[in-house]
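Labels run A, B, C, D, E and F following the written order; every chain starts at residue 1.
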């Protein structure tokens, strides 16, 4: 148990240390060492508890009161900040939260004891690994990145200590979320992640940053309120506040269902599902490591973690239907919206929203097979997405833009980085990589579940997904470029982080049957009391072999090609008027540079319109089902 | 199917498909010519073409393009082999997408404006047809409880009966998949095109030959998919399937010759409407 | 075919004003061409209204420029650029000026001063 | 997001049979800017007046363009005849009209074929060109050339027609009419053709007028400047101008389809009413000092001929202003905002004949 | 419905005879007036050089001293102007084109010296 | 094995021709003449072409185009000059903007005279071109071995 506590506390300690350090070199060292420690600890925890779920009786009034007080103080702080920035809605929501929280603490919580405040099981282990490894790698990356960032923004005050403090605190809070059994603890960490991301998004203090940080805050406050309400219901009606007890309840019971729905809404907000997806888009203004962190291993993953955790309670009932529909619609609409984007980070954001939508839908379907797919998606997504973000961040600092259109010929300018990006993108949507494999399982389980809406969302959504990824990929592989190589100035921390993630991306594809056997299936068997492997078609050995062969082919085949070609090199065809491969003689005399802009089809896939449609549909679904559940229609 | 049978089928596909595909392409050109009141080239013309491309001087705009085209060829072959070996239909479909992506990347890699525009078009045409192909697999699963081609082909009853909607939708998107008029937006086999040779603009010599050979494999596999709708585990089923596939081929030639190239908006819209109505409709019916 | 036509001469300076007048009068520009003269170029503007053709000739001496009529007849840019490239007459205030790249000919202004004046034989 | 797709279009391009170049700027598939460039076919043949006498120039003028070659011959001959005050005998005039209309049929059929080719409709292309061959057979049998007819001469036409030849013309008309009845419907009604043509590249009536468009381009937008309307001989032969109002590619196409029918009628009437007598008058001497303008309605619109003579046998100036030349502004205009796919469609419906344009 | 207005036509084409002339295998018959190539009959030629002056593309040249008339097949545009303008009718336009090849001949025709008696009969 | 002579793909470029020869080239593809009988495909792409059919004389603006298209074709390749203009400049030979026949810019293998060159003549020219193509191919493969 001490290792668990260490895991929880250490990042926070490191964070406090960071706050004190002003020297870049020391900071680098501390950051790297702490990251290493976190990684090692996570690995150790995983090794130790894998297959042996355990709960820890841990009870300390001091800690409880400390948490309550912290929460209270932070609540006041939010009200003040909202007031200061004239974001009164934030203040109001903050006040509501505070009132509810006080009410809960004073009237409802009394007498409810949760013995096992902490626990660890296989799902937690997976999450711990994701947070520990990926989160730490991102922190390492941030060291190099922030150095450049500061260079690019020389006028800004160096607030890096604060930045790293937040990053590491975030890790602690995340560990808290995945390891807490006591819902009050969970709530505490839940709110901390909200605040951390609020501050991180607003880091640059530009108007846009502040606006977006408040949007994040307001939406997540809503989620927080839903969470609180759920706790109040549970405390009031059933008198317990622990996750494990909740999981043993009957999902069809009226107030349990309402509570689960509320928790699910909290999860939906955190995982940036429609109608709450805009906060994640706004989070793009933060420095790239923040985005990477929010998108891959933390924050949004907290949301899906909660939903996956609760999935046994959602199987086949209205709550599940709500969650699944919201996830499915989000997947489809966010994928469509991604087509109209040329800002790389925005494309990644939409893709995150879409992928989370898929995970959420899996959780909502709630069958073991679906949840299997959901967990697998979570793992693959975390690795690949963080890698993509880091790559984009590095590229941005070296080519001066995060626009996909500026990545023309990146293959010539930053070959290694482009290679990794290609791997990342391919990993996001193509066979034989993880995301696709999980999507496959998801499709199977949706079909099995017979949910027409989900099937539709998935088949259309996948088609759309290929479009926006492929066109980005195209930009990267294009070799026509005038610019020289500009890769040598990339910091080694960046290479370490990005490189490790790249290795992980491939490794996890090779190892996923192992991961599935060692962690996912045991957990599913525990949580659902059974799991039939046949339902995941790709666990069939035939398919697995094929996938492996494809992977090997893809990794080995390029080797002989990217050398000098023995063929005669002839410049591109330019209708006979070419000057070289990239320019031609134009109408007005003179040389015209050819340029290619990808298709964005904004008439078809207008972001705002799609967002509106999504918001309306999902709000209707959620409100209607929640109201119906509260009225006891499904009981 | 036993493993041995599967392997035999896969090998047979790899060995025979080019010949069959080449003949199909030859028939296509001959029949098209006759539909235009011409004599047309010899049936073996596609083979001559490929032979010529193999023996020409090899030129290329860059060193990487070939890699993508080789991958396209390999994965197309792989897709077909897996299909005929009776493996998982979804895996087949995903590999097909992978192959497709490689072709698109090959078109992108040169940086030629025409091939890049061709690639864009290929992508949105793919966006139009992919849902149908996925839904086809879904329908098979709903009907037979399995994605495995060998299970589907050996189950009794022709799938075309319960899957009639998806079958028609599949025939519809076959035009897109085979890049035939009215949807030969990205790469047109014979007709002149507004973007020169579309995706293939920068392909020449061996690269182009590989593209052609991949098309042969691809057509055989797609016709195999048509035949699958008719297979019912008996010889009669296979025969009917083959006849149906050939008829589908003739139908495609006819459509190819009877239509102008439509607007891209129409391609996308019609593809999706067909998917929604016929494809999703069929799924709904099977679910009930 | 009936070929009603009139020829008239105008001062080159009046051309833009005339063009405006004719445009407002519902005429369409049929063509503009040039004839090389010993010491300059003669421009022939043809306008048509209901199949009646008015040809207006203007003599531009060597080295002088003439106002462009593209503000009123945008399509005149094809002729003006052509005359510029072949005869070396410059038009002022053109709305679409190719700056000598309309016809990229082997010899600069091949028509200029090779007027048939001297051909005789 | 300043970046746009910039691509060259032509001079060598399979969708364009002729060398014209466009700098295209695209956003997705939409053309935001198109700058044309011509000059790839500029030969400078008008300047050959310096070394060829006015009769020799006939052979040069016929080779301004191989598609509308007859019209060029007629236009040039007409201008010189006007200058010299030559009266062409009636039979000669009728034959000129007949061949001009046959040329129009062949040119429009050729164009319909190119349109079909641009549409990716191979079989329709082949079909149109197969019909067209019938007209070429007639040309060859009567004038000796399939493309460059060398039929017109100053003073009339070169050869007379035998009765069998007249019958042959009539038969060819029957054949073309029969085929066109059905083929015209394809252009008019077929979904895929309409899909591409209807509503594409709309040129409003106002634009057509202010851009001074001529020929089917103008008539497709409801503007009639068909010079045949004021020709008495055409009136006798039952000429009616064809006008469509939509101004899109489809209406430009339909103008041509209907004109084929109209021309067939004119040719038939010409055969029926063919007066007797000579086909030409001999022309002697040099043209007098002066200038003359002559206009003919070519397949692509009004062509303008200007001749100026200083009294020698070499003309001082022979100028051709071809319909395409003045339709280029309309093309540039309609290209803005069209879709890339429609670029070839638009270019084709304007029917640019570059060799005519550039001479 | 006009979905495939041309569909019937192409189907019927499929089952009818192709229109193709089997050209190189079956030689083509040209109509009598067809302007294929210029032929020269030296019998009456007086080497006056009119044809050469008239020819718009300088394809005929007359060498009075060497007593030859040559026709450059590569430049002749079959316009028939020389034929029309030869006062002696030595030139004629015949169907059948000049063969393509790696080089195109310049046909040189000798004009035999005429006897005095012949000149007189002229 | 070589399909070279059985599958000549042609690239057609209109240098400054009057269109007369162009339409005759196109007419060769149409039902009456149907050169596809010999495997000919009219491709728009020099990189896949074997025969380069040029119509019209070369002028200053398009000589680079002709040269570039020629260079972008892979060996073995054959140039066929179609029409008197392409052979020698023809009637436009003395125009100020005409350089001359196509052979002024790129080597021409087969000349097809005629104004306009007849489809039959063009077919013969193409067939002659095929023989040249085969010869060139042999030469290249000999040089290799």
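We take it that a residue touches a chain if its C-beta (ideal position, glycine included) is under 8 Å from a C-beta of that chain, and two chains touch if they have at least 3 such contacts.
Just so we're clear, the structure is a prediction, and the values are computed from it rather than from any experiment.
Peer 1: Common contacts of chain C and chain F?
Peer 2: A, D
Peer 1: Considering A-B alongside B-D, which chain pair is linked by more C-beta pairs in contact?
Peer 2: A-B
Peer 1: Among the chains, which is located farthest from chain E on the basis of C-alpha centroids?
Peer 2: A
Peer 1: Greatest Cα-centroid separation from chain B: which chain?
Peer 2: Measuring from the centre of chain B, the most distant chain centre belongs to C.
Peer 1: So how far apart, in whole Å, are chain A and chain C when each is placed at the average of its C-alpha atoms?
Peer 2: Roughly 69 Å, centre to centre.
Peer 1: Between chain D and chain F, what distance separates the C-alpha centroids? Give it in angstrom.
Peer 2: 27
Peer 1: Using CA atom averages as chain centres, what separation in Å is found between chain B and chain F?
Peer 2: It comes to 35 Å between the two C-alpha centres.
Peer 1: Give me the residue numbers in chain B that touch at least two other chains, ranges are fine.
Peer 2: Residue numbers touching two or more other chains: 33, 35-40, 57-59, 113-114, 117, 190, 192-193, 196-197, 201-202, 205, 257-259.
Peer 1: Could you list the positions in chain E whose residues touch two or more of the other chains?
Peer 2: 4, 6, 10, 13, 18-20, 56, 77-79
Peer 1: Hunt down the residues of chain C that sit against at least two other chains at once, touch-wise.
Peer 2: If we look for residues of chain C contacting two or more partner chains, we find 101, 103-105, 110.
Peer 1: What chain-chain pairs meet the touch criterion?
Peer 2: A-B, A-C, A-D, A-F, B-D, B-E, B-F, C-D, C-F, D-E, D-F, E-F
Peer 1: Mind listing the chain E positions that touch chain D in their complex?
Peer 2: Against chain D, chain E makes touches at 2-6, 9-10, 13, 19, 30-35, 54, 56, 77-81, 93.
Peer 1: Would you pull the chain A residues touching chain B in the complex into a rising list?
Peer 2: 408-409, 411, 430-432, 436, 440, 443-444, 447, 450, 452, 455-456, 458-460, 462-464, 466-467, 470-471, 473-475, 477-481, 537-538, 540, 542-543, 546-547, 550, 553-554, 557-558, 561-575, 581-582, 594, 596, 598-599, 601, 604
Peer 1: Within their complex, state which residues of chain E touch chain F.
Peer 2: It is residues 18-21, 23-24, 28, 56-58, 72-79, 97-104 of chain E that touch chain F.
Peer 1: Taking the complex as given, what residues does chain D use to touch chain C?
Peer 2: 37-39, 42, 44, 47, 49-50, 78, 82, 209-212, 225, 227-234, 291-297, 302, 304, 306, 308, 310, 312, 314-317, 319, 321, 325-326, 328-330, 358
Peer 1: Spell out the part of chain A that touches chain C in their complex, as residue ranges.
Peer 2: The touching residues are 587-590.
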